[in-house]
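First chain written, first letter: the chains are A, B, C and D, and each begins at residue 1.
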Amino acid sequence: MSVNYIPAVFEVLRDTDRCIKCRACERQCANEVHYFDEDFDKMQVIEAQCVDCQRCVTICPTSALKIRKNQNEFREGANYPQKLIIENYLQAQTGAVLLSSMGNPVDLPVYWDKILINASQVTNPSIDPLREPMETKVYLGKKSLDIKRGDDGEIIPDTEYPQLELDVPIMFSAMSYGSISYNAHESLARAATQLGTFYNTGEGGLHKDFYKYGPNTIVQVASGRFGVSKQYLDQGAAIEIKMGQGAKPGIGGHLPGKKVNADVSQTRMIPMGTDAISPAPHHDIYSIEDLRQLIFSLKEATEYKKPVMVKIAAVHNVAAIASGIARSGADILVLDGFRGGTGAAPTRIRDNVGIPIELALAAVDQRLRDEHIRNEVSVVVAGSVRSSADCVKAFALGADACYIGTAALLAIGCHLCRSCHGAKCNWGIATQRADLVRRLNPDFAYKRLVNLVHAWDHEIKEMMGGMGINSIESLKGNRLMLRGVGLNDRELEILGIKHAGE
Amino acid sequence: MQKKEGEIRIPSGCAITGFISRNGNRISGGDAIKSIEVMHDRSNGLGGGFAGYGIYPEYKDQYAFHIFYESSEAKDYTEKYLDRHFDIINLSKIPTKQVKEITKEPLIWRYFVNPLPTRVAASQLDEEEYVAQCVLKINKDHKDSFVFSSGKNMGVFKAVGFPEDVGRFYRLDEYAGYSWTVHGRYPTNTPGWWGGAHPFALLDYSIVHNGEISSYDANRRFIEMFGYQCTLQTDTEVITYIIDFLNRKKKLTLSEIAEVIAAPFWTTIERREPKECERLKYLRNVFAGMLITGPFSIILGYKGGLMALNDRLKLRSMVVGEKDDMFYIASEECAIRAICKDAEDIRAPRGGEAVIAELNEEGRRKCL
Amino acid sequence: MKRVYVNEERCLGCHLCEYWCAYANSGEKDIMTAFKLGKDATPRINVEDDGDVHFAVQCRHCDDTPCVKACITGALSCNDGVVEINRDKCVGCYTCVLTCPYGCIVIDKKNGGKTVTKCELCTDNSNGEPVCVRECINGAIVFEER
Amino acid sequence: MNYVIIGNSAAAIGAIEGIRAYDKDGSVTLISDEKYFTYSRPLISYWLKNSVTDENMKYRDPDFYEKNNVTTMLGETVTAISANEKTVTTASGKTIAFDKLLCATGSKPFVPKTEGYEKVKNVFTFMKFDDAKAIKEVLTADSKVLIVGAGLIGLKAAEAVHEYTENITVIDLADRILSSILDEDAAKIMQTHISDKGVTFKLGTSVKVFSENSAELQNGETVDFDILIMAVGVRPNTELVSAAGGKVNRGIITDKTQLVDGLKDIYAAGDCTESIDITTGDSKILALLPNAFLQGEVAGKNMAGNLCYYVNAIPMNAIGFFGLHIITAGSYTGDTYVVTDGENYKKLITKDDKLVGFILMGDVDRAGIYTSLIKEHIALSECNFDLLKDKPLMAAFSKIRRNKKLAESH
């Protein structure tokens, strides 16, 4: 039926004067957009299958390809934009929930971009990070200020609670083996090891090959409990309980059976080919006291040697929830904002549920200070930390460290086509297809991750130096270093910052 | 309207000086004036102040409160509060003399008080904490009242003006103490509120500080979790509170405090022998929120001693020197030479190196 | 000696190395010219595909040089470990094709098979480094000592 | 050490390179009855058809002898070897002493006795540079050329002569051309290909009697010619070794180090020797340039005191006529797999889970992979033979073997 016709989202433009018919585009497109037409002796395209992953564009040896938005336009209308109309067509056709991946692309305020950073002039010298030491090492974990002294009067340097030492204040956020590929995991693990930071297994367990990166691994325990065993918990440097995810607060996860190959099945400890369903809640956590029990179960299981992190999605009453978690024995609290990525989420949830991480962080940090328990828990933010500037702003708002997910994937080749749920990632990241996974070369990818984080770390140091700060501790929660632009009083009040010019 | 200290953060440059007689000889405040006067250009007439230790031997067991009142209503209100919480042993206007450079003075009163034992007991706090909380309460909640000195056998004197004029205004040549610290202020703007001048003091701790710390808000928001209210938004205030917290509450020694607030760099720590390395790592980690970065040189005055400390990059000048039992600390050498021509062993302490000078055995016997 | 090796775990079978190789050795001004206007530059590297297995093969520059020893004209020679061909001397008898155990002597179809050609590690063009290595999009081809 | 080499072709050059790989100092003397700088015998047909210059006839760079410090005695014919005295004697009466001697004397054309042969004026063989030069002297566009022998030499000669005249007749006693390397089907394709160029074949017959400008064939036909090229076959030059006491069957018999059986310090290599065909186990003359070179190289290395063996010999040929190429190797007895597609012909011969031989015509790309399967005795069950049937691919090897071949240094 013609009403079923869904216009292609993209147009694939090929400059035939440039095309040498090498067919690399054809070979490299898992969506089978390109094909060679023997009759016409030229390359042809099936545009409807294009997701604009840019793979063909980047590898074309003659730069003959361009992808652009389909110029075919419905009649304009701000209330019913073309995308929404088409989504309704699709749903009318299929009766299905719309699926999307990666972070919320909707044009909602990005507060990072409305916050500006201070620099020293005259009264206080800026510091040149190339000349003076500039420190970004961070320790995460609950801090006890109870000083214990030995009989000789000397301080006993016992932090009482386990700490995570980060050489750089950036970690790689949870992305499960299953949602991303073996090679992607290897890249993250190796990069974290080289950087002296941590990557996170996500909820898919830990492949035995990666046990060797354990000292730089955070193992996640999510509602599906996939791959969780004593051995698994023992591998990690820390354990993260995933209560929620910024991209899809309030719902669980679903890894389709076709992604559960032999390796994934073994790692997740589920039968091959079966769907891996993470329930929306943990069915042993229906309230805060249940969480406390899980936290202490995990601590018992690991002899109180590993910090336990609790990750929640940034939702409306996040500050109160955070306070509850800080009082429940968690060592580290992770806040995941509504622009955080995902391998697959219902579109409507991704685009409409949750709150911006900037506001959540500001509210949580202030609440914990108001309740004098900020020292009880470290705060890590995730959910679209896109640059070193975002990191600096996050630290100044009160974060101890940042998690990066999407930015890390960009470093290893992701072009943000937001088609992870299709499982045919042309960059070898969000796929389990062996031929596609191979496209991600961990030898390159881990170096690119290291480069990215080093570059950010340099920039963080530059900005700190500009502020006259030479250690990241002095940036943490230092909101005087921030000013808002174009924000209303309410927003400024929540962020705890003044407006530019004040 | 121009905002005063506490409503806005005002960056300043400064001059500081201080000295102590380790034998406990009581030195006239006139020497303190002489010392700061030569650094006239380091101030701009918008604040100066002094802290003298051992100046009230006759009331050495009472807390000496120095209070500014902007109005007599404020005075009445605060005095009622004091009455409820303290046994006021003595009260008087602080003697001043007219100096043409010093104008717009508030009401300046001094009280020697003992906390009411029943109230202390009821508060479940130790006596010092009780006193400190009362002081903080007044400064936060009592409009137009400001307690600017609250220690025992010590006193802070400060005003808007050049420090040498402030010293003459308060007739400091009539006081004698075993140690003095002085501050000349160079704020970039201030409406000229007397409370905003330095030193800043809480109980026996007083701080004179030259610098503008970059970590201010990080430090402020951290220390405020422990019952302090940074009402002035000045570096001196937050540094004082941090030192009060670490020394009085957490019982860290002064050199340990230096290792927290001007902590060695991680690379330096890594090079220390393992036990020391662990200790320093521990202090930096646990008290991360109290690391102070950005330029500062401070003289901490406390009961029986002085500590000089620079930020870890030494972004502000500070020298020390000595002669016989005297120990001198100043922003510039001239300030030492002005009162001790033949001072010896003048040197610039390294960034983060705490220099401590305290009363010796004899001095303690005489003064404490 | 440094040689070109292919890691078949990394090779994607995109065949781009063939095109870059052909272009690099074509002497044409750009890659398009090398394949257009009826020109069909000949690669010296060859990507094999067998299902999911892909790998590029080109002259191994082996130590025992069976091709050099078999060459009836002396067109093939081994200099400092690089097996080189003097195309002026080659008569296209293909004895080297017969003896190369890797199938890496390439019949130059561009000149009607009148001569053979082969990888010379880009020592005979302006690249200065093996262009297949440089252009491999997945780092599958490496130039290293083993 | 004093090395003497008789001969100046592939085996001799191989020997020089073999010696010099281990002995930079010993004296090397090379004696050849031809006056030329070492040249490539197979190139004479290319020279004749003007596709190779005089300069490019050289088998090695012009400074080869100097660089390898070789004393040459060109145009000097060795008449005797004294195994006891360790000397060789030349026609000009010189006596040259050796510590190690290599006999790389090659072969000579075989001309069968035919009635009236002596009446033919323009008769040539086609082995040496001088042969080609002599033919070129008399060849014109009007020449009528008769070639006796439709083997490799005869047809290469035909191809070269075709550059001048299309009036060419090739006769052979066998009923097909190239009978030593091709099966019937392949021979048929090639014959058609060559016939299409205007060459006339008379097969399954021979010359009964020659007159000056014509030949009467056994089948009764008469062929007129003004140039006769005899390319019936070759015979190894074994006389010197034989006279010195070395063992000779059809060719000189050597051990695996190329040391002549029955002699000390005297080696032999090249077309004058026999070697073991590993595909059949038979000792035979493998008159091929690569074979000659490798034998010479092995001989040279052993002469220089470095023990090594020549063991992997197989018959093999790469040759083309009028643009149609043939690559063959090994033996042809066994199970066969054949694909014919126009002029493209492929025959794979397998036996006991091994590839023992192949014939490729037309598309001969990467034939060496097949050769390696034969030479390396690789079990087909270990490979993907279906893939190999389609075309020679490294992908057909097991991953382990492939990695050994491609990922390790060789």
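A few comments on the model shown:
Following the convention adopted for this analysis, a residue touches a chain if its C-beta (ideal position, glycine included) is under 8 Å from a C-beta of that chain, and two chains touch if they have at least 3 such contacts.
As the structure is a computational prediction, the values presented were derived from the model and not from experiment.
Looking at A-C and A-B side by side, the one with more C-beta contacts is A-B.
Taking the mean of all protein Cα atoms as the centre, the chain whose own Cα mean lies nearest is A. The distance from the centre of chain A to the centre of chain C, with each centre set as the mean of the Cα atoms, comes to 44 Å.
Centroids of chain A and chain B (each the mean of its C-alpha atoms) stand 47 Å apart.
Between the CA-based centres of chain A and chain D the separation comes to 70 Å, rounded to the whole angstrom.
Centre to centre, using the average C-alpha position, chain C and chain D are separated by 28 Å. Chain contacts here run in a simple line, from one end chain through to the other with no loop closing.
Checking each pair of chains for touch leaves A-B, A-C, C-D. Within the complex formed with chain D, the residues of chain C that make contact are 1, 3, 5-8, 46, 48-50, 53, 55, 57, 60, 62-64, 66, 69-70, 72-74, 88-89, 91-105, 107, 112-113, 146.
Residues 120, 123-125, 127, 132-133, 135, 137, 139, 143-145, 147, 154-155, 157-159, 163, 369, 372, 374-375, 398, 467-471, 473-481 of chain A touch chain B in their complex.
Remark: chain A residues 17-18, 20-24, 27-28, 59, 61-62, 434-435, 438-439, 441, 443-444 touch chain C in the complex. Residues 9-16, 18-20, 23, 31-32, 34-36, 52, 135, 137-140 of chain C are the ones that touch chain A when the two sit in their complex. Remark: chain D residues 10, 14, 40, 42-43, 46, 51-52, 56, 58-61, 289-290, 293-294, 297, 316-320, 323, 325, 327, 329, 364-369, 371-372, 375-376, 384, 387, 392-396, 399, 402-403, 405-410 touch chain C in the complex.
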